[in-house]
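Handing you a structure now.
Per-chain numbering from 1; labels A, B, C and D assigned in written order.
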Amino acid sequence: MTLAWTATEMMTVVSARALRSTDVCFVGIGLPSAACNLARLTHAPDITLIYESGTIATRPSVLPLSIGDGELCDTALTTVSVPEMFRYWLQGGRITVGFLPGAQIDRFANLNTTVIGPYDAPATRLPGSGGAPEIMTHCGEIFVTMKQSRRSFVQKLDFVTTFGHGEGGDHRARLGIRTKGPTRLITDLCVFEPDPETKEMTVTSIHPGVERAEISDATGWPVRFADTVAETAMPTELELATLRDLHTRTRQAHGVGG
Amino acid sequence: MTLAWTATEMMTVVSARALRSTDVCFVGIGLPSAACNLARLTHAPDITLIYESGTIATRPSVLPLSIGDGELCDTALTTVSVPEMFRYWLQGGRITVGFLPGAQIDRFANLNTTVIGPYDAPATRLPGSGGAPEIMTHCGEIFVTMKQSRRSFVQKLDFVTTFGHGEGGDHRARLGIRTKGPTRLITDLCVFEPDPETKEMTVTSIHPGVERAEISDATGWPVRFADTVAETAMPTELELATLRDLHTRTRQAHGVGG
Amino acid sequence: MAHIMTLGAAVAAVLQDGDTVAIEGFTHLIPHAAAHEAIRQGRRDLTLVRMTPDIVYDQMIGMGCARKLVFSWGGNPGVGSLHRFRDAIENGWPHRLELEEHAHAAMANAYAAGAANLPFAVFRGYLGVDLPKVNPNIRRVACPFTGEELAAVPALRPDVTIIHALRADRDGNVLIEGILGVQKEAVLAAKRVLVTVEEVVDDLGPRSPNAVVLPTWTVTAIAEVPGGAYPSYAQGYYARDNAFYLGWDKIARDRDTFLAWMKANVLEQGPEVFAAHRARLAVAA
Amino acid sequence: MAHIMTLGAAVAAVLQDGDTVAIEGFTHLIPHAAAHEAIRQGRRDLTLVRMTPDIVYDQMIGMGCARKLVFSWGGNPGVGSLHRFRDAIENGWPHRLELEEHAHAAMANAYAAGAANLPFAVFRGYLGVDLPKVNPNIRRVACPFTGEELAAVPALRPDVTIIHALRADRDGNVLIEGILGVQKEAVLAAKRVLVTVEEVVDDLGPRSPNAVVLPTWTVTAIAEVPGGAYPSYAQGYYARDNAFYLGWDKIARDRDTFLAWMKANVLEQGPEVFAAHRARLAVAA
């Protein structure tokens, strides 16, 4: 039999693999939600999923379209208010892993989801901060998932919505932040991890069939590759089957993709 | 038939009469609890009773021994956490009337429930603040209930646990407090109310059969009487019957007085 | 004490032009019917406060109700852009929209501070980011014990808060269950409160001793509007209409399509249309 | 993840000499059995934190476990004095007791700040009173927007929090219902957590979607101790033994009577004695 997969499936599988059964995970909608539930349905059955709508230890059978679908509440251990979620659970330091996307990212994994162009007269107004700035500082570590392009992987952000590694080095520590920040940037082409010293996001694993030049072409800064770069393991039959099954159930339940 | 009553019954009845059906009342244990429930069972059926244990709009059929008896929770509209009670409900300005007792009181209705003697080497260690300091500043108005004696109605408090009218006049306003503070001091002999200008607690009503000299003898400062002093109306048959019935039910339920 | 009245009377009683109004509901229980009524009554110059402006404010902004928006995430959840929100900011259509922009943590804490009658909220946040450069309502405050600097924002104290809840009893006590969002805080922070409910019942019925209940004396007006949260949902009554959220993208993208939709579905309708949505999406209680 | 173990093993696992320990429960669900176990294990030099020291700390103070007490109301609720507490403060028996004294609002806010990982709590309070003169941990902080000065206290972050709850499931998730007190905040503020429960069950069962549940990963150790809150109570299991509270006044008034009672009822007993109290005071669930 042959395995074939989409770039999104690859990103989802790689994200899922990075999760452990002991993780308490702050889940965003879309790919992060698929990745977390894939992990739960495969190698990390005891992973705790938390959505910012207040649902704690939820076990949805289909993927939610929003972070507050009824399914999340129906299958949760309990559901708390949003102020409590942000105060006791996120700021309280109870979350081990958070997922974040961005419209723009720079080489230190700072993120922009606010505006393209000047703040007061934007070319494109994006949704804004949401929970991201505090998710980035309060979770034990952060996985960023984004498809690569020169438009989104930029030399300089139009707006720093979310502080990743700042200017690199010990910038997080200098601001008094004790969490790790972005430890992985998972794209459709490869996986970046921060250089231990400079914190510049550095390619450590390349997805099967992707050339280094493709990565460089799709990145708006000169890409650094680690001394040893692995080839990302292919999605397994089980991973793909579980993920596709999850999406099929979701489509049947919602009439939409999830 | 003859009516006779105890000093405590008189205090309870007078306290109950001061409550309105529209009040939201922060109830303490003992006499305040009896007074609030007497009001609810007579002229103020819709009064809302809140205990600092978090029980909101509770309707106990017997008086609680503690502020957190199961009966309070069983008959409440809902029960919230103690931090929420102090933050959203008390500090939130949702309470119209609070009751407070004191071991010592001065002529501006400041209260001491901390120590008799010096703080570091007290002759008598009392329970301390509890909720009182913030009950006194956050409730719309405060009724203080205490039996009179020179030992408790003193010229100068050993410790200011709870700020009533401070040094009198506009002292509350000068501290930025916008609530009325103590509007009634209900004793076994009479009712005091603050002078509109000086805020000194002034006798406005004397209980049936009590002489002015008795009040002065039982007070550690020179007592002021209002220009017009009323005679407190006697407890009615209904008030006494309802109160005694409440105490009987309580005794049967707890094996104690309530 | 809450007065139980029609939606039209309730909106007229609590909401005036120029008010600061928080319409809350975090994905669950978004009071769409009440927002439609405000649009029909032609409210103008409102300061709209809401963590997630969502379709409900996309409609109010597009219909010209808003002078200013206080928010923390302006998207169509799980779908993409809010086109009327974007058109107002990017192009000033139908008119210029003033922004006060926060992160979720700030808004949630600011509502809680409002409910607690505090002038400001303190939290750990806004480190290293650009929002404090464009929002003067983000400041810092030092811990008087450790010296550590924390983020501070003013408490939110809306003139009016509007929410949707599951049930009210005839005394006007209101029950919320499921995803709670910031509704309780938004209610307790406001001067006037309108709650639309799925049903008014004799008794709130068996419930947890710690159920989230708003006592009647915290609410100004209650209106029974079955289905009033549609296309959002009400736990135990009906499901979220995910297809509508997807479809909104197309409706709202174009000004004329939007205006035509609003005319046909809001301006020329009343709150009674929401009941049919509830029936269509009903779930087993 | 919580480990389910015997009470003896659980107390030994979480509590050491010199620890700062919060034993909480506001009238309801006071973990008396766990406190007895700490007394039997001879813990010393503890900083005891609790809003209402109550009988549970009267016993620990009288047995010499405490070096310091952080509290806001030290009485026997509805009865009168705590005699062992008074004897320690007034006469230094069995030894001197250091005090850090607050009001309820301060303690409640300080636990909430601890749970929220903030260094301090802000609230409106302590105006015009003497407590700030004797407690250097009461300071003031200015609102960075209005300039208004508010009260500030350090967050409470106990080494250990001990509470009693209704039920835990076999995964170690814990359910609390009824009067909630500050238990959730005290648990989330602590480094290590011991929860005694009325019963360990396969499943927490039908409950409100917003039930107060502590996930297993917020708890260190769980011990099943039926009746473990006696003479306090557990909602739906057994009633408060008001007669015991009244009777404690006589027991605790005299040092020798107290010591004899503790020897007979605590030192020479085990946690299994609490089950009989539960049976005697059982209520219909």
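Note that contacts are C-beta pairs under 8 Å (C-beta built on N, C-alpha and C of every residue); 3 or more make two chains touch, one makes a residue touch a chain.
Fair warning: this is a prediction, and the values are worked out from it, not measured in the lab.
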Distance from the mean Cα position of subunit D to that of subunit A, given in whole angstrom: 40
Subunit A and subunit B, separation of their C-alpha mean positions in angstrom: 57
For subunit B paired with subunit D, centre-to-centre distance based on mean C-alpha positions, whole Å: 28
Residue list for subunit D, restricted to those that touch at least two other chains: 112, 116-118, 123-124, 148, 178, 180, 184-185, 209-212, 235
Residue list for subunit B, restricted to those that touch at least two other chains: 73, 79-80, 87, 91
Touch-based graph of the chains, sorted into line, ring, star, complete or other: other
Contact pairs between chains, per stated definition: A-C, A-D, B-C, B-D, C-D
Residue ranges of subunit D touching subunit A (in the complex, touch as defined): 1, 112, 115-118, 173, 184-185, 188, 209-213, 215, 217-218
Residues of subunit D defined as touching subunit C within the complex: 116-120, 122-124, 137, 139-146, 148, 150, 152, 154, 177-178, 180, 207-212, 235
List of subunit B residues in touch with subunit D within their complex: 29-30, 52-55, 64-70, 72-73, 79-83, 85-87, 90-91, 110, 114, 119-120, 122-125, 127-134, 137-138, 159-163, 166, 171, 175-177, 254-256
Contact set on subunit B toward subunit C in their complex: 22, 24, 48, 56-57, 73-74, 76-80, 87-88, 91-94
Of all residues in subunit C, those that touch subunit A in their complex: 26-28, 51-52, 71-75, 77-79, 81-82, 85-86, 89-90, 101-105, 108-109, 111-112, 123-131, 134, 148, 178-182, 184-185, 233, 235, 239-240, 242-243, 245-246, 283
